[in-house]
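Going in written order, the chains are labelled A, B, C and D, and every chain counts its residues from 1.
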C-alpha cells in the first residue's frame, strides 16, 4: 500500500530579475496516512515553498516547480489538470496559513467562507452548508459559533480567526492538512491552545499533518517525525524523539544547542557561526560546510545525499566515518 | 438592512420619462443662431431668434411686399390696414383696418382700439420697450370708429410708417384684452393675428407654433412651425445637412457658404438685401485717432474686396454710411474718382502716417465681442491694418459685457452691426447726430463722437427728416454723407445680407430677397 | 516572511528606481513629451509660414505640398498654426498644474501635518472648489477678466488645486506617523524643516506622477475652455481655439480641427504615458 | 443608517450657503448688466432703470442677498431675470437630461471599464492588457467635445442611426437621443475605470486571502470576479465618485455639441446673459449634486466593505 504522500527530489526555482534562486533543491520525504511530519528550519530555508508546492499554490511568476514528483495517494499531482487540483484542494488536502489577519477575505462573513468549501466539494444547499460551517466552528471550540459565523473577520480576535481558518480547512475531512507556521503570529498562550486543538482534531479526523515551523518547541509534542531543512534541502529526517535525543547532522545539533532551556543556566546562548548563504550565491557541495566545524574537502566538493538508516537519515559525509551513535538503534 | 439600501439607490437613478406628443403632421423646423428666447412680446423681442418667431405670430399695419424690401409709400402692401394715407403736411396719418380679422386663442376681432392701445404701449417709457423712441413722434391717436385710426404727429414725418408700423422694429399690433389679462405672463404667451399661433416654449430648446385656422389670408399649409435655438454653428450646420432642420440662419464664418453649398448642392440660399449696417467707428477723442491724416491712412488700408473673397455673394460693398439698398444711400457712381479717403491704397496710407508723425505706425488696444460676426470682421480689418504698420491689440469679451462697455465710451475702435429700417435717415439719427453721442442723456449709438468732434450735421439731419419732396430729400441725404465721410469718423465694412439657407423641400411661396424677419411663412408648404 | 521589523530608516532615501528605460511606454511617452516641448520652444523658428497671414484665395484647402496640413477658413497655414499653437497649449497645460501644485502641495502638507482647524478649513475650502465644474469656473473668470491666456491658467489652477491638496494631505498624514519623523522631531527639527526634508521627498514620487497625469488633464481642459471661446484668443492659435474655429465647417473642411485634435490627443497621450511609467516605477499604489 | 444620511444632508446646508454667498458676490462683481442682456442693446436708460427697479437690483446688496437666501432656503429660486420663466420649472425640465446623461455615462464606464480592467489585470502584459492600456490612454486623451462631433458625423450624419439634435421626448425617443452623448462621455469614463480596476485588482490579487481561496479549490473566474473584485470595488468606487464630478463638468461641452438640454446649458447661458437668479439656482443644484454623489459613494462603500461603519 503506497504512502499517503511521497515527495522525491522536489525542486522549486524562483526566476527573479536578479537571477535564478534555487529555493527548494531536491527535497524528498514520505508521509503515511494518519502520520504527522514536522518540517523545521530557519527563515528562507524553503519550507514554505515546499508546502505551497505540495498544493500547487506557488505564485506562478516568479516561482516554478522545475523537477521531482509529488505523489498523493499514488497520484502524481505534478501532471494533475487544474480541474483535478481544484477537486483535491479543500477536500482531500487543505492548508492553514501563518497570518490569520490576512488569510480570511475581509468582505465576506466567516460562515460564508467556510460554507463555500462545503458547497464546492459536496452538493449541499446554501443553508445546509452554512449549518456545516457553524458545526465546524463549534468543533474548533469557538463560543457562540452561529454568531461568529455571521461575523466578519475584522470582528474576531487573532486566535478566533486562526480557529476559523482551521475549521475551514477541516470542514471537508481532508486526508492531509498542511499547517504553515500556524501559531507564529499568535502570542504564546493562544499558541498552546491552537496546538492542543490540532492534536485533538488530528486524533478525531485521522488527518495526516505536515507542520511547518522554525520553532523546535512547537514540533516536540505534536508530530511523529521531523525533517530539518537548510538552504533549500532536507539535511536530516528522523522520529522526533531521535532528533532531540541524538541529532545526527551538525546543523541540527547547532539548532538544538541554540534552544534556551530552563535546566541549563547559560548567560550567552551558543550560536552557529556565519549566516545562512544568500540563495543567489549558494556554496558548492554541502551548503552547510562553511559553517560546519566537521567540514572536510569532500564536503566542499560534493553534496551529501541522505545517508544512514531509512528511519533516521542525514545529509552529512561525517556520518559514515565517525559512526556517530544513532540513538534510534537502541530505541524500540 | 443592506438590501433596502440597494433598492433605494437603484430607484434614484431611474430615467425620468417626459410627456409625449407624437402627432403625425407636416412640421417645418427653423434653426436660429440664438442660445435662448429673449421674449415673444413685440416690445422686448431681441435678436433674430425672437424677431423670426414674433413675425410668424403677429401682423403689422403695413409691410413690404412679401420677400422684398420695397419701402416707398406707394409700393407697400397692407396687412391689418386695408387703406392708409398721409396728409399733405405729413403730420396726420389715417389707417382704415381690414374687417373680420380674428385674434388667436379666441380673443375676438381686431379693432382700432387694439391699434391705439399698441401704439401707446410701445411709446410708454414705463413699459421700457427698446423701440419706444420710434413712437415719440405720435402726439395724439383718434379712433373715430371701430375700424379707423387717425394719428397726429408732433412733427412732419413722411416715413413714420417705416419706423413704427412695419415688421422687425416693434410695429406689431397687440391685443388689448390679452395684454391686460396676461400681465407678466404675456412676455412668453403671445396673442397675435399672424399665420401661426403660439403653442409652447421649451427653454433653451425651441418655440412651437401651429397653423392658425382663422388666419385672414387663409389657413397655412404647415400644421406646425418650430423655431429651434441652435447657437453652436457646427451642430446647426450638421442638423441642416442631415435634413433634421428645414431652414437655418447663416453663419458669418469665412468659407461657410461654399462649404454648405458643397455638402448640399440643391440648398436654397436666401440673401436678404439690404442687410444690416456693419461699420467700424473710430473714437475720435482718442490719440492718435483724433488726427484726420491717421484716420485717412486707416481708411486707405482697408480693401472691401477682401470680404468678397472670404464670404462670396453673402456680402456687398458699402460705399456710404448705409447699405446700397437703403433709401438715400450712396451708390458706386456717386463716389468721386480721386481724392476719396476710402480708396484702397496702402502706399498712400504709409505716406499719410509718416506725415502725421508716425513713420513706423502705432498700436491701439481694442476689445470686441466674442460672437462670430464681430470677431471675424475685426480679424480681417486687423490683418489689413497690420500690413501698413497699424497694430490692433485685440481682446475678446463676452457679448453682454461688450454692449454694456461700448456705451460707456470705453473702446477705441467700435465694430457695430445693427439692423435698421432701410432708411439712411435712421442711420443718421442713430450714429451721426451729436445728440446721440454715447455718454449723453439722449445717447443712442454715436460712438465716434461725430458732431462734437470734426464737424456737425445735426441741422441738416433735422431738415431732411422734415423734407417732403422726394428728390430734394435724396440730394440732401447724399450731401450729408459726403460731409460726414470727408472727416472719416467711420470705416464702412461690407454689408452682410440677412442670410438663411433652406432645404428645397420647404417652399416659402415667393422668391426671397428680404430679411427673414420682414415676411411670414404663411404661404409656406413642404414639397 | 513579512518584515515585522519597524522601519527606522527613511524609505525614500533607500528606494532605487527600477530601470526607467526598460518600460516601452516610458520611452514613447518621454519621446512624445520631449518633441512637444521642443516644438513649443522652437515654434516661431520652425514654422514654415506666418500663422496669421490670411489669404482667402487659398482658404479651406486640403493638405498639399505647400500647406502640409492644408489651410483654415481664413486661408492661414494650419501646419504653422499647430506648431505655434503648441506653445500656447503647453504653456497653459504646464503653468496651470504647476501653479496648482505649488500652492496645493503646501496647503496639503499644512493640513495633513497640523490637522485640527487648519485641516478642516482647508479641506472644506477644497471641497467647495471641487463642487464648481471647471468649465463654469472658466466662464465666470472669463466674464470677470475677459477670455484669454490668463483666464485659462487661473481656471485650470483652481480646478487642480484641490486635487494636489488632497494628495499632499493624505500623503503627509501617512508619512507623519512613520518613526523616522519622530526621530527627526527628537533631533529638534522644526515642523517646516521636517516637512521640507522628510515629508516633501516622500510625497515627491506620487507628486511627479500626479503632475504629469494632471498636465494631460490640463491640456484637455485648455481645449474645452477654448471650445467655449475662453482660452487663447484669436488671432493667436492654440489647439483648442483651432478646433473651435474648425468645427464650424467640419464636414466641408475637416483638416484644421482634425490636426489640432490629433495634436491634443498626442500631447495628452505623451504625458499620460510618462505619468503611467513614472507611477509604475515610483509608486505602484497611487491612483489618480 | 437613516440618521447618517440625514446628518450628511444637513451637512449640505453650510456648503450650499457658502456656494450661495460666493456665487452671489462673484456674479455682482462681473462686468455687464442683466438689464442690457434682457432689454437688448438698444434699451433706453429709463427702460433699464425700470427693469432694475422691478427686479430689485437697485436695492443695496445686503438686502438683495437676504431676500435671495431666504427664498432659496425655501426652495423657491424665483424667476429668470431674462425672460421671466420660473426657474424651478426650468430646472425640473432640464435637470433630468443632465442626470440621465451622467448616469448613462457612468453605466457605460462601469459596464465596459470593469470587465476590461479585470481582463487586463488577469492577463497582465498579454494581449488584453496591452490593448486595454492603449484603449485607456487614447480614450483618456481625446477631448470629449471633439470625439462627440466625430460620433455625430459618423453615426448621425453619414449612417443616420441616431438623431442629431435635442434631448428627445418620452422614454424611447429620449433613450434614442441619449446614446451618442452617453457614449462620448462613457468612453472617457470607461478608460478611467479600466485603469483603476486594473491597478486595484493587481493589488488585491497579491493578497493572502486570494491564495486561501485558491487553496479551497475555488475556480479561477470565481476568484477574480467574486473574491478579488469585491475587494477591488472599494478603491474603484471612491475613485469613480471623484471622477464623476469631472464628468458632470464634461456634460457642459457634450450638451453644447449635441444641442441637448441640461444644467450645463442653463448655467453657461445664464452667466453669459448675467441671469443672476438662474446661475445662483443652477450652482446650488450643482453643489447639491456633488454632495449627493459623495454621499452615494460613501453609502456604496459601506455596502461593499463591512469594515466601514457609518457613524
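Simple rule for what comes next: contacts are C-beta pairs under 8 Å (C-beta built on N, C-alpha and C of every residue); 3 or more make two chains touch, one makes a residue touch a chain.
These numbers were taken from a predicted model, which means no experiment stands behind them.
Farthest chain from chain C, judged by C-alpha centroids: A.
When chain centres are taken as C-alpha averages, the shortest distance to the whole-protein C-alpha average belongs to D.
Contact counts per chain pair peak at B-D. Chain A and chain D have CA centres that are 55 Å apart. A straight line joining the Cα centres of chain B and chain D is 39 Å long. Per-chain Cα centroids separate chain B from chain C by 45 Å. Note: centroid distance chain C to chain D, computed from Cα atoms, is 22 Å. Annotation for chain B: residues touching 2 or more other chains are 232, 234, 238, 241, 398, 401.
Among the residues of chain D, those in touch with two or more other chains are 30-32, 149, 153, 157, 256, 268, 272, 274. Chain contacts: chain C has residues 143, 247, 250-251 touching two or more partner chains. The residues of chain D lying in touch with chain B in their complex are 1, 30-33, 36-48, 50-51, 80, 82-85, 90, 93-94, 96, 99-100, 103, 149, 152-153, 156-157, 160, 163-167, 169-171, 173-175, 256-259, 261, 265-266, 268-269, 272-274, 296, 299-300, 303. Partner chain D is touched in their complex by these residues of chain B: 1-2, 5-6, 9, 12-13, 15-22, 35-39, 44, 46-47, 125-133, 184, 187-188, 201-206, 228, 230, 232, 234-236, 238-239, 241-242, 244-245, 398-401, 403-405, 418, 441, 443, 445. Considering their complex, residues 55, 57, 59, 82, 85-91, 94-95, 97, 99, 102-109, 116-117, 120-121, 152, 154, 165, 168 of chain A touch chain D.
Listed in rising order, the residues of chain B touching chain C in the complex are 232-234, 237-238, 241, 251, 253-256, 258-260, 262-263, 306, 309-310, 367, 370, 372, 375, 379-380, 382-383, 386, 394-398, 401.
Remark: chain D residues 15, 18-19, 22, 26-27, 29-32, 133, 137-138, 140-146, 149, 153, 157, 195-196, 199-200, 203, 235, 239, 245-246, 248-250, 252-253, 256, 264, 267-268, 271-272, 274, 283, 286-287, 290-291 touch chain C in the complex.
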